[in-house]
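Presented below are the structures under discussion, each in the form of structure tokens.
The two complexes that follow have chain A in common; it is paired with chain B in the first and with chain C in the second.
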Partner chain A sequence: MRKKIAFFIFLGWILLLIGDRVDELRVYQGAQIAMYTIALASIVLLTGYSGQVSLGNGAMMAVGGYSAALTLNNLGSPVWVAFLMAIVASALFGAFLGTAAARLSGPYLAGTTLALAVGLPEIANQFNFLGGVPGLLFDVGFPPERLGEEFTQYKWFFWIASFIALLALFITSNILQSRYGRTWRAIRSSPLAAELSGINSSRMKILAFTISSALAGLAGAVMAMTISLVAPGAYTLTLSFALVTGAVLAGVSSLPGVVFGALILVAIPEVADVVATRFGGGENLNNYLPTLIVSVLLILSVIFTPNGPGEKLRRHHHKKKI
Partner chain B sequence: MHKLLETLLIGLSTGSIYALMSIALVLVWRSTRVVNFAQAGQAMLSTYIGFEIASRTEIFWLGLAFAIAAGALLGAGVDFFFMRVLFKHAVSGAAAVVAPVIATLGLLGLIRSIVGLIWGGEFKSIKAPASTDGFTIGETTIPFSALNLLVIGTVFSILIVLAIVFQRTNLGLSLRASAYAPEIAQLAGIKTARIRTIGWAIAGGVGGVAGMLVTSNNFLSPYSLDLLLVFGFIAAVIGGLESMVGSVVGALILGIALTFILNYVGTSLVFIGGFVVLILVLLVKPDGIMAKGKARRA
Partner chain C sequence: MIRKTGVKRTWLAATVLAVGSLIATSLPAHAETGVTGSEIKLGITLPLTGAASPGYNKIGNAMNAYFKYVNDNGGVYGRKVTLIQKNDEYSPQLSIAKTNELILKDKVFALVGPLGTANFTSVHKSVGIAKRGVPSLFLNTGFSGFANKKTYPTSFMILPSYAMEAKIISQFIKENHAGKKLGIVYQNDEFGIDGMGAFKAAGIKFDVSVPYTSGTQSAATAQTWVSQLAAGGAQVVVFFGVTSATAPLLAVAAGAKYSPQWILGSVGADPLTLRALGVPLAVLNGAQTPAGNPSPNDTSDEYVKQFQEINTKYNAGTAFDDYVLQGMNIGLMTVQGLRAAGPNPTRKGLIKAMETKGSTFASVAYSPLGYSQTSNVGHTGYYMAVMDANGDRKPFGGKVKLYTTDSGSGPVVVSTFKRPAMPAKGLPSNS
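Entry: the complex of A and B
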């Protein structure tokens, strides 16, 4: 445990050093990576451990983002309270939804959460206090003055996002290594055997759904911070799909993998941009090449390394030992 | 009173399009145990092909025929080149539950990007085969148009054709048999793999029709059929995901329910309305409105 805390502090220190040495755009992308890391951790917990497929994490992020924005704008509370509210609200919502979801399996759950991902962000268009299409502002304020004149807004975002992401990863990894993590894996590999060993599988599934939603909500609030607003257009179906993609590419049951998955999600548009320019550009190529790359990667990884690139390596390693 | 009538009629027309999509999903689910999220993509690509033909020849029905053919080919192709490969790499471990879902999502993205690369993202429209002006009853004009009537007519003729194929032909019998009990069907001399591919082809063709009909009243873009997929899925679940009749009934109920929300509650709540209907059905009758008990489930 102490080793782990030391490791996370060391990781934070490295991030601080990196944050000082790269330009503004990279710092911004760093904040995005931190945001995706949290969101992907929520999928790893839900899908990789408890075996439930959700295509609605974008909607959970919307719940978190909106709760944080409403808290910040209406109560004038400190920023950390807003983030806390995002966690609480989305956890409650997740518990409610999980109660229905625990009875669903596989494709039913995927379809239901898909319907949620389509429907939920649209609610904001209906009610005035949610800001409609343009959305609500989300302003965490300027960085504290003692950090110096040179300290930019994006770097402040990066600091907050990285701190939250490290904390979230630390807590999640502890949860996954605890009794709960083991129980979820037991349910996933054999629901019947788990029930026979005295596990209340539907209660455990609801718990997984709740924690996963809390993480997603937190990610939603972090995302709201990096783009300074919450709007229905930010939490699209495309976002939900991207999250599932990132989780699968990184290996859906590996928590350290989420950093890699988040990196891919941020890097692919950049890579696609370079490739598109090489091939002469064109609007269509620029717009759809990222989707093309992501989809091809997704299909290949599902067919060849369904449990992520890490697993193949581990198995290879294992064979050598024998 | 007019508003109520109008809501029912429009709901029937929208619902009948959902019915096609949900039949496509049910067909694939019954034969392959996969909810094919790529169905929206397949329908989209077929609709783009139908759109090209319809806008060049100015004949909607020729476009529709091409869309059906393209959809059928595409459906068979997806099963033959994609699903068989996926199932051959016998998936195990953590991803086993998610693999088919993820794979079809990947396929959806792949088709979407290919369509985007060829046709771009701008909205296209197909010239409607009938007037989109509403009928006039007495002095008031309601939004229900000749096109809506034509949509209902087309859908129901297709449903009748499907019913005849499934109930009266040998092919239909093999399709039902291999969905119900693949091993026994195989022992009875049915080539189940080939029958499955035919099932995918029928689903693809039906999806193509759904895409063309939606587009005749709306715009076509690489994202325009996602909602159709979601509502088709909800309709299929209302019907129990196993029964074609159930999914048609489910789709009509859903279409009318959503039109009620649209006309009486609020435009933006339509989408979440679908979700609420879905949750209600899953809580109250998780096996669908057509479930007669567990006995018949293989």
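Entry: the complex of A and C
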């Protein structure tokens, strides 16, 4: 445990160094990577460990984002309380959804969560207190003055997002290595064998859904911070699919892989920009190309490496060592 | 254990490589951002696609056409002006992402003509426009909140505010439609609410009031608006929204044989776009609207004539309408701003030039510009116009009667202001 704590502190120190040495665009992208890392960790826990396929993580993120914004704007609470509320609200929502999800499996569960990803963010359009299409502002404020004039808003976002991501990864990694993680893997491998061993698989599945939702909600609040806004357009079906793709590419049962998956998701718009510029597709192509790339990557990944390149890489190493 | 270490190493290597490549492509900042010896780079976010794009998607190309014309005639102090357009689909979160690209990646010198009230509100906060000192010239929105110089010290409006527009429409209603049953359909965000506040302050009480959420406009929703207006017996209906909402409203009303006296807010009243969106000419005939600029068909106007020539040569195939006129005019004003900032422009210098010289800039609009060291207000008035059977717009009463006012409690007055002449050949020579 001490080694693990030291490793995460070292990682935090490295991130601080990187944050000081790169320009603002990269710092901003760093905050996005941190956000995606948390969101992908929620999928690894849910799908990779407990075996429940969810296509609705974007909706969970929306629950977290809106909870945080409503808390911050209406109660005037400190930012950390808003993040905490995002975790609590999305966990409760996840527990409720998990109760239904525990009765479903495979395509039925995927279909249900897909419907949620489509419908839930649109609810915001119907209620004025949720801000409609323009959404609600989520302002975490300027960085503390003692950090100096040169310390930018985006560096502040990067610091907060990185800290939250490291903490979330540390806690998730401990949960996955605990008896809960082992139990989830047992349920995923053989629900029947797990039940025969005395495991209450429904309860454990609900627990997985709850924790996964809490993580997704936290990611949603971090996303709201990085764009200073919560709006239906931020938590789209495209986001849910991008998260699934990122998780598959990272290897859906690999927690360290989520950082790489997050990097890919942030790099895709950059690649799209290069391609659009190279082929003279202009701004319209630039807007739609990232979605196309995500879809193509997901399809290719499913065809050639059904469990994701990360998983294949892991197996390749395993064979090599044997 | 061995397997785990191997996998970890692979992930570490992959992650380090990816982070490394991202860092390697980062470049340090140079001199004044967006200005080189041969180029001044500007950026705009606007909806090039999506529900709100009709009409607005022409503004960027029109600006570009004007800049190309200027570049072919020596540029601004020898530098060519380049405009980077980013498609935000009228979505605030996309505006933020695209503005980030413009400022952090493309490293533009200034934003010019960013569009949308909710969009710019979010962008200003999220991207930190003021803190970064990025000039944001000629916002394509009339939200009076942007006139707060303390909050928006680097931003400059161009359109009269929605509050000014509502006050002028109120005055017009009192003068011409007194005693009639009034209805209003408005976009239920800062845009519409800004106007509603001013209507209320001016003592206008609507018998039927129909708010709608931006992005939900369609023939189906227009059906409910028309039902409410007709049921309430509204004889004069004010519309305060975007063109993509005006079109279904007018089309559905025509289908339902509901024909009140329409007063269309300036934002959603371009006849050419409305016709392209399926509104019959007969419905437009007689519709009244506040207008800041002359009709784009008025070739007797020196600005319109010059801009039409530029459009024909540099924006071939694009019909010349209010949006193209507005885009060209923003281009004209931008070039004057850049020239006023001097041969070695800086962001601070540009903002100072706008404050000290901006009010004297040539502009196609009839009303005075309000820029000063304490104000970032653009144009300050409208005249009322009426659409004819050809879909053209003519001054109400036969000649331009210009009303000016402010966004607060100031009176609406008839102005005799004479706008500055168009610079020779449409090429500013100010300094």
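The working rule: the second predicted complex is superposed on the first by the 310 of 322 C-alpha atoms of A that agree within 3 Å, B and C clash if a C-alpha of one lies under 4 Å from a C-alpha of the other, contacts with A are read in each partner's own complex, and residues count from 1 in each chain.
Basically, a residue touches a chain if its C-beta (ideal position, glycine included) is under 8 Å from a C-beta of that chain, and two chains touch if they have at least 3 such contacts.
Note that the structure is a prediction, hence the values are computed from the model and not measured.
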item: Fit or clash - chain C, chain B, common chain A; value: fit
item: Which of chain B and chain C A:N125 touches, first, second, both or neither; value: both
item: Which superposed partner A:S228 touches (first chain B, second chain C, both, neither); value: second
item: Partner chain in contact with A:P134 - chain B first, chain C second, else both or neither; value: second
item: Chain B versus chain C as contact partner of A:I18, first or second or both or neither; value: second
item: Partner chain in contact with A:Q29 - chain B first, chain C second, else both or neither; value: second
item: First, second, both or neither for A:V252, with chain B first and chain C second; value: first
item: Partner chain(s) touched by A:A276 [first = chain B, second = chain C, both, neither]; value: neither
item: Touched partner set for A:F260, first chain B, second chain C, both or neither; value: second
item: First, second, both or neither for A:N287, with chain B first and chain C second; value: both
item: Superposition-derived minimum Cα distance between chain C and chain B (Å); value: 6
item: Chain C-contacting residues of chain A that also contact chain B; value: 125, 283-284, 287
item: Touch list for chain C against partner chain A, complex; value: 2-3, 6-8, 10-11, 14-15, 18-19, 22-23, 26-29, 48-49, 85-87, 89, 91-94, 96-97, 100-101, 104-105, 118, 121-122, 125-126, 128, 131, 188-189, 213-216
item: Residues of chain A defined as touching chain C within the complex; value: 18, 21-26, 28-29, 125, 128, 132-135, 137, 139, 142, 152-153, 227-229, 231, 233-234, 254, 256-257, 259-260, 263-264, 267, 273, 283-284, 286-287, 310, 313-314, 317-318, 320-321
item: Residue ranges of chain A in contact with chain B within the complex; value: 47-48, 51, 53, 55, 100, 103-104, 106-108, 110-112, 114-116, 118-120, 122-126, 188, 237, 241, 244-245, 248, 252-253, 283-285, 287-289, 291-292, 294-296, 298-299, 302-304, 306-308, 311
item: Chain A partner contacts - residues on chain B that touch it in the complex; value: 29, 34-35, 37, 85-86, 89, 91-103, 105-110, 112-114, 116-121, 222, 226-227, 230, 233-234, 237, 241, 266-275, 278-279, 282-283, 286
